[in-house]
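Notes for the one structure printed next.
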Amino acid sequence: MDGLNIPLNHILLVSSLLFAIGMLGLMIRRNIIFILMSLEVMLNAAALAFVAAGAHWGQPDGQVVFMLILTVAAAEVAVGLGLVLQVQKRFKTLDMDDANRMQG
Amino acid sequence: MNATMFSALAPILMLSLTAVVLMIQASIKRDQSVAWVITAVGFLLTLWSASYARDFIQPVTILLEVDHWSLFFTSLILMASLVTLVLSKETFSSEGERKEEYYLLLVLSVLGAVVLIQSSHMVSLLLGMELMGVALYAMIAFPERGQLPLEGAVKYLVLSACASAMLLYGFALIYAATGELSYAGIGARAALAYAENPMLMMAGSAMVLAGIGFKLSVAPFHMWTPDVYEGAPTPVTGFLATVSKSAVFVALSRFYIDGALYQFSGLNTALVVLAIASMLVGNWLALRQKNIKRLLAYSSIAHFGYLLVVLIALTYLEADLVSQSITFYLTAYIVTTLAAFTIVSMVAGEDTAKQNISAFAGLFWSRPLEASALTVAMLSLAGIPLTAGFMAKFFVITVGIQSGLWGLLAVLVIASAIAIYYYLRIIFAMTQSAQSSGNSANWQEKLAAIVLMASILALGSWPQPFIAYAGLL
Amino acid sequence: MSETIWLIPLIPLLSSVTLMLVGTRLKASQVGALGVGSVGISALLTLLLATEFMQNQQVIQLSLWTWMEVAGFAPGISFYFDGLTLVMMSVITGVGFLIHLFSTEFMEKDPSYARYFAYLNMFVAAMLVLVMADNLLLLYLGWEGVGVCSYLLVGFWYQHNANGYAARKAFIVTRIGDTAMAMGLLLLFTELGTLDIQTMVGEADQTWQVGATVPTIACLLLVCGAVGKSAQLPLHTWLPDAMAGPTPVSALIHAATMVTAGVYLIARTHELFLLAPIAMTVVAVIGITTSLMAAFTALMQTDIKRILAYSTISQIGYMFLALGVGAWSAGIFHLMTHAFFKALLFLGSGAIIHCLHHEHNIFKMGGLRTRMPVTFWSFMIGSSALAALPMTSGFFSKDQILLQAYQFPEIGPGLWVAGLLGALLTAIYSFRLVFVVFFGSVNTEPDKDTGWRMAVPLSILCLLAMVGGWFMIPVSEVFPASDGSHPAHWVEYVSISVPIVGVLVAYLIFYTGQLKVDRLANSSFGKSLGKLWLSGWGIDLLYDRLFVKPYYGLANKLKSEPVDALYGLIVTINQTLNQWLSSAQSGRMRWYIASMVAGLILVIMLAANLPEGAL
Amino acid sequence: MVMINLILILLIGGLLAMLSERISDTMPRKVAMVVVLTDLVYLLLCLSGMPEITQLQAPVANDPSTWLMHFKTDWIPAFGISIELALDGISLLMVLLTLILGAIAISASWTDIVVRKGFFEANLLWSLAGVLGVFMALDLMLFFLFWEVMLIPMYFMIAIWGHENRGYAAMKFFIFTQASGLLMLMSILALVAVNQSATGIWTFSYFDLLNTQMTEQAAHWIMLGFFIAFVVKLPGFPFHTWLPDAHTQAPTAGSVILAGILLKTGAYGLIRFAVPLFPEAALDFSSAAMWLGAAGVVYGAVLAFGQTDFKRLIAYSSVSHMGFVLLGIYAWNELALQGAVMQMVAHGFSTAALFMIAGSLQERLHTRDMREMSGLWQQMPRMGAVAMFFVVASLGLPGLGNFVAEFLVLLGLFQVNIWITVVAATGLITGAAYSLLLMQRSFQGQANQKWVDSGLVDFGTREMLTMAVMIVALIFLGIYPQPVLDAAQPVLQSLLNLTTSPTVAIVEVM
Amino acid sequence: MLEIVFFYIAATVALMATVMAMTRPNAIHALIYLIVSLLAVAVIFFLIGAPFAAALEIVIYAGAIMVLFVFVIMMLNLGEKGNKQERQWLQPSIWAGPAILSAILLIELILVISQTNGPVSVAAVSAKQVGLSLFGPYVLAVEIASMLLLAGLVGSFHLGRRYLDRDNLEKQGGQ
């Protein structure tokens, strides 16, 4: 199957939309789980852009980077979720505005 | 891959080996001191291997570029890591079970930093940065109790991941524009790509800049810094402030130089704005900060602002002087900052109340060694002659003058003048009489403090050997 | 002798230093011996010098060492001695010696006896340097030196704040003149390349036309110095207050010597003044105005020393008048006779004050004629000389001045009339003093009359005041000869008779009371005029309002350092920014992310040159 | 090597003094005194062994071999930075002044310092070492290094042993001088860069940089950096505000060193660097600089008059006096320059002595507020007499050093600009006003019963000896200043040769 | 032509699902929307000639990572109370500012991207090609990625196990 007809900028557009939505989620959610999800969305957006660019240049590198992004996402989420558990335990909340002891 | 490549990879291999040995050790018998010794030996061997690798410098696959510069920084961060290790022993001995993971994470984080330093490709940059970061999240959150480390870790993780996403998206745009992922490849095609589609290339580079700027805590991406510095265990803060930041900066400068990004004036403008913002914001924030770790966080913001001046000068100067300046500045910065955190760790430990500057009162009389070292460190951060920090600033100003960056230098002078105030505040506090605190430090820590203080003074008063050495890089 | 004239100032100086260093360990008699003896030796040496000079008329120039040498500016520590110097030195050492002697008794009860003589000796030394100086810079050294000594002595009884105030006032007011004079020195050096008086006047003659601007300005600046030191308008206000010092000090410094330094300065540099007719006229006008102003003021004073102080101002005004009209030797002559009779009067008043337990108010005295005969006769003679009654020393000198003033072109007669008015007033106030203090009823009983150490100087001074008018001062070589013409005889007669009229008036008013002035004095005009005169024409008040208060106000305003407020503003700005930024550091992650996004937007905008780049 | 030794003796002596506290409590001050005197004697011995000293040859400003001493060795060859020290007449004068006042400062600290004596004396000696370095360094980088480093011990002296508001004062002092120091660093580097781009050689040597060719604009800016740095230290109006605080809060010995020596480094810098390196720019700037100087003279005097704090008053008087130095330097003719040099020396002694008196008062009365004093002469006549001497010295009594200085400055200045001279001369009047007020409020007037009852101790032998040194020095300077003038003359002449004088004939206008 | 239609459909689905995921108060609901979004992205991958990436997207992203989330959500046992709170937090006053920021960023990106032109690709990149380069030039990346995963593993192990330990301890203490 070939993707001759899909313009690159449309795909990038979609990815940028995803990126922006993820960023919006990051900014509006206070629950740490949602925050982590938003991060996933952003990473996914970047991955989409990479795969699209790779396809544009006809190189496998885009997909290689995609795989590595997956790895990164997995590692981050693993540690992140570990932290979520600790947050729940130590702060008795998942609200990051509430779990805020340092400022100034 | 051939044999010489493996030789060139010796530091990375040695670190990986250390990680493996640590895991094996943990599975056989958990013992903190054994883990400590293994890590120490591993770092020392890596240090040796870094000099061994000197004879085999070459690009290793497309991902890594092992050259003198990167090997120098490899050694440097290994020394810094050794200091971190020394400080960690005391700090984490009070933890409950399973503190051996810490050493494993430390080794992995150092590994990430080494990869970052040697990276010559977006992928290795990404992986190095993430490896270092992921290990650091866990290191920050390592203490069993307390909310601050956890809060610091969460903040660092979320914000750092956000920055990584920006970075990745930027990479993707650059890739879309150039079709290249290696620095050299980007450098070769950058001008062409710019001609074809200037905005894509620039927006991509800008996003990369933002992502990396976050790690360097350059304003306005600096917000996380104080919270994470304060929350993290002090040795980890020291590690984060020195190893992590300098590795990222080295990677940034390689990307900037090899990727020939300095040719784009838009990017340069962006850097100028970031530099100015960092210098001023960092120092303003630090002015009346009471917690010394937060204060050092703010000070580091300013320092990377100063350092950015050098990067901006790339547009006007040949890379040699610039990379020399970066070498000197980062070395001075690492030594000085480590000294500061060493003393903070020795004196205040993890006790937030003791991290208040007023708690340092009378240190000159109760613990003269620590006070002297901290004084020297503060003077160095402030850029007073005879200290490494001064020579570093000397480099920056020289480079700035040679490039004619008068506006930036003016800001630098103003910022440095503001900065003197808060560094002096600490020194002043130490000179005032107060009841003495009876903490004591172990000999390794004392040795580290002495060595660091001596290095600051040596770099500042007799920098010639070092400059000669750095000139070879 | 000529090689050792440096000893004359040095001996009092050494004595002074000795007294300062070890004075407190010496016995009073030793202190007295040292203090009086040193001046005595100087006086003797001066006498020797005088006899020598009378024989050979030889001018002595002696250079000890070069003070400093910079780029052609090479004033020396060097002395110049001629007839004028001799007159001055004689007065200083002679009258000075008598006053020192007088002081040993006057001050014997004072705990700071040694300090007193240390200052007094130092003063003599400085004054000698002033008159002996070969160049204006050394003269300036002496000039300032006497100023400091005057300051120290006026404030000698430092425990009273008023004395300290008077001392400071004396120093600062004269310093204003001195500074102007220093400017004159700068100008003279810049223009002529030297400050050596003799070389300088030679140069000046060659360089400048008569009436040129530069010499006029230079002379006016010198006049400023002279005006300050000699308590002339408008810088005279310090002298009446300076009476706060011990009375012998008033006699020596504020009557006989220092205050006449201005006269000496102008006389010494008269060649310059001859090039600046305007400056001379200014000097004359200042002199006569001051003279009248002070005479009116003296009329109303009740403090015995203040009367004498204003009288001094008035008399120096005459000297200035003399200088201004070119009657150089008459001026110097009056300087000398004035030194005799005014020292006599001051010492006499000192004796009264000493014996009347520090009573200064003349209306609380009275009838002292019989109680203190020595003093009475001193006063009689002194006042006669002051009033210039015929055959007294004052008569000769003042008469000369008035006659020469009359001959001054254009304004001469005017000056003469004013001078006569002054002479009339002088006679009135001086005999008012005599009548009030020595006649009438006894208001305060004196302890005793003076001891010998007071009586001897008084007597000698009486003699001098009587016969001083017959002295010939050896200044003919120094000053240009006058043309020798005389005014009409009636002028002379009027001049002679006016003082006698004045004494009569005083007699009628203050002794017999036949001339009733009460009605006039009690009218509202009379009252306010009296008040005005009492306050010295309100000049002190005026200065207080114009200069002193504003200066205090300014100093008070600036005390908080407006410049520092500027730096304070910088600090405030930084603090405010710190607060803003710190509050931005809220710890909220979402806010942090938002800032990062904003940063990202900014960076992209800058790098990709948005929004212009897109269009 | 002699010059290196001079500095090393002080540095090592400082360490010894610090360590000697372990032997006995009174040991540090003795050690410090011995060290400074050793240094002084060593210098004098070395000088007496040199034939040149008898006839100070006129040095050629840009030829080190004609200087009294010269020493050069590589330090950071990568940037052409070397350890280059040299001594000529002016430096020699300043070095001697430093060592003599150093000894005096130690004497001032004799009983004043009660805690951590060892560290205090060490700091004192170290700051002296730094000052010596400033006066001798002729590599600009080395100069800058000493310039900055000497502040650190000074900072400690104020911060640790200072009075009630020491934190603020120390901070202000340090920030002012450091911030201006940074400007100077920029200027130095800019100058070096200009030189490097012209010649292709990195060098920081004074002798090499003297002939740097640069555009007018560059020269202006670079000179301004130097100027501000030096004027802050001087201190000149309006950069003087650190000084009253620092002087007031510093311990006596600190004030002595600050006022006596440290301020002179600013003047020295102007004479040595700011003008000769940029003659044309300095010429263009001279009138502004002179107005600043005159403003300083007047402003300092007025503010001194308003003070009630004994030390603060003296501090402002320093502002006023150092204004004359600025005037003298920028009038830039031999008369004025000699006056400036003279003022540096004379002011060193007179102000140091006044600060010592202030310190003694503080030690005895535990206050510096003159409203609390009054009539102290009665109980401490010796101190009063000494104070009177230095007060009249500071108001410029002829026959004492300050007069020679001020008169020469005015004389030189008069040839350049009459109106500035007039303004500056008013300083003589206002100077008298505040000086005498000081005397009145503290030593004269009715004795305060509080002090009469508490039985104050007059100056003892040590204090009188110290004072005697300064009194003799001032009298000597006042009536026979020639040795000082002779020492400075050839140097100033050689500097004048480098530049054109701003002297313009002026009197024609009259 | 058909691909383009599919692409737009998939893109729309992905965007809609993502928006939903970001705005749902209930974590599980949000997560399911997120999975839908990921699947839609996988479709896009497929459409632009990256079948291997599409497979990985489904297997690892939607399959593994999202399941991790589910586990944690279940462990934390977020109930109805949490949902209510989440709804309260999603007021316009809270999201207006961020929305503006995001919008600006988006506009910038659109401006930048809209100038790109040209089709995506001439040919699909096969799994083999990817594999070859993965174990060719990128072999070190794989090794480093393994270390990265190790770090993630150790980190989550350390944090998570401690959580479980304490839970267990509390339970034992309770019994």
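Note that the chains are named A, B, C, D and E in the order they appear, and that numbering of residues resets to 1 at the start of each chain.
Following the convention adopted for this analysis, contacts are C-beta pairs under 8 Å (C-beta built on N, C-alpha and C of every residue); 3 or more make two chains touch, one makes a residue touch a chain.
Everything numeric in this text was worked out from a predicted model, so none of it was measured.
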Where chain A and chain E overlap in contact partners, by chain label: B, C
Chain at maximum distance from chain A, centres defined as averaged CA atoms: C
Chain occupying the middle, per Cα centroid: D
Taking each chain's C-alpha mean as its centre, the one farthest from chain D: E
Approximate Å spacing (C-alpha centroids) for the pair chain B, chain E: 30
Inter-centroid spacing, chain C versus chain A (mean Cα positions, whole Å): 94
Computed distance of Cα centres, chain D from chain B, in Å: 43
Chain C-chain E separation of Cα centroids, rounded to whole Å: 99
Chain D residues counted as touching two or more neighbouring chains: none
Per-residue overlap in chain E, given as positions that touch at least 2 other chains: 97-98, 101-102, 105, 108-109, 111-113, 115-116, 138, 141, 145, 148, 151-152, 155-159, 162
Touching two or more other chains - residue numbers and ranges from chain A: 8, 12, 16, 19, 22-23, 26-30, 35-36, 47, 52, 54, 56-57, 59, 61-62, 64, 68, 72, 75-76, 79, 82-83, 86, 96, 100-104
Which pairs of chains touch, using the document's own definition: A-B, A-C, A-E, B-C, B-D, B-E, C-D, C-E
Residues of chain C touching chain B in the complex: 574-575, 577-578, 581-582, 584-585, 587, 589, 591-593, 595-596, 598-600, 602-604, 606-610, 613-614
Contacting residues of chain A [partner chain C, same complex]: 23, 26-30, 35, 96-97, 100-104
Residues of chain B that touch chain A when the two form their complex: 122-123, 126-127, 130, 134, 137-138, 141, 146-148, 150-154, 157-158, 161-162, 164-165, 168-169, 171-173, 175-176, 179, 181, 226-227, 230-231, 289, 294
Chain E - residues contacting chain C, complex: 97-98, 101-102, 104-105, 108-109, 111-112, 115
Chain B-touching residues of chain D, taken from the complex the two chains share: 74-79, 116, 144-145, 148-149, 152, 155-156, 159-160, 167, 170-171, 174-175, 178-179, 182-183, 185-186, 189-190, 193
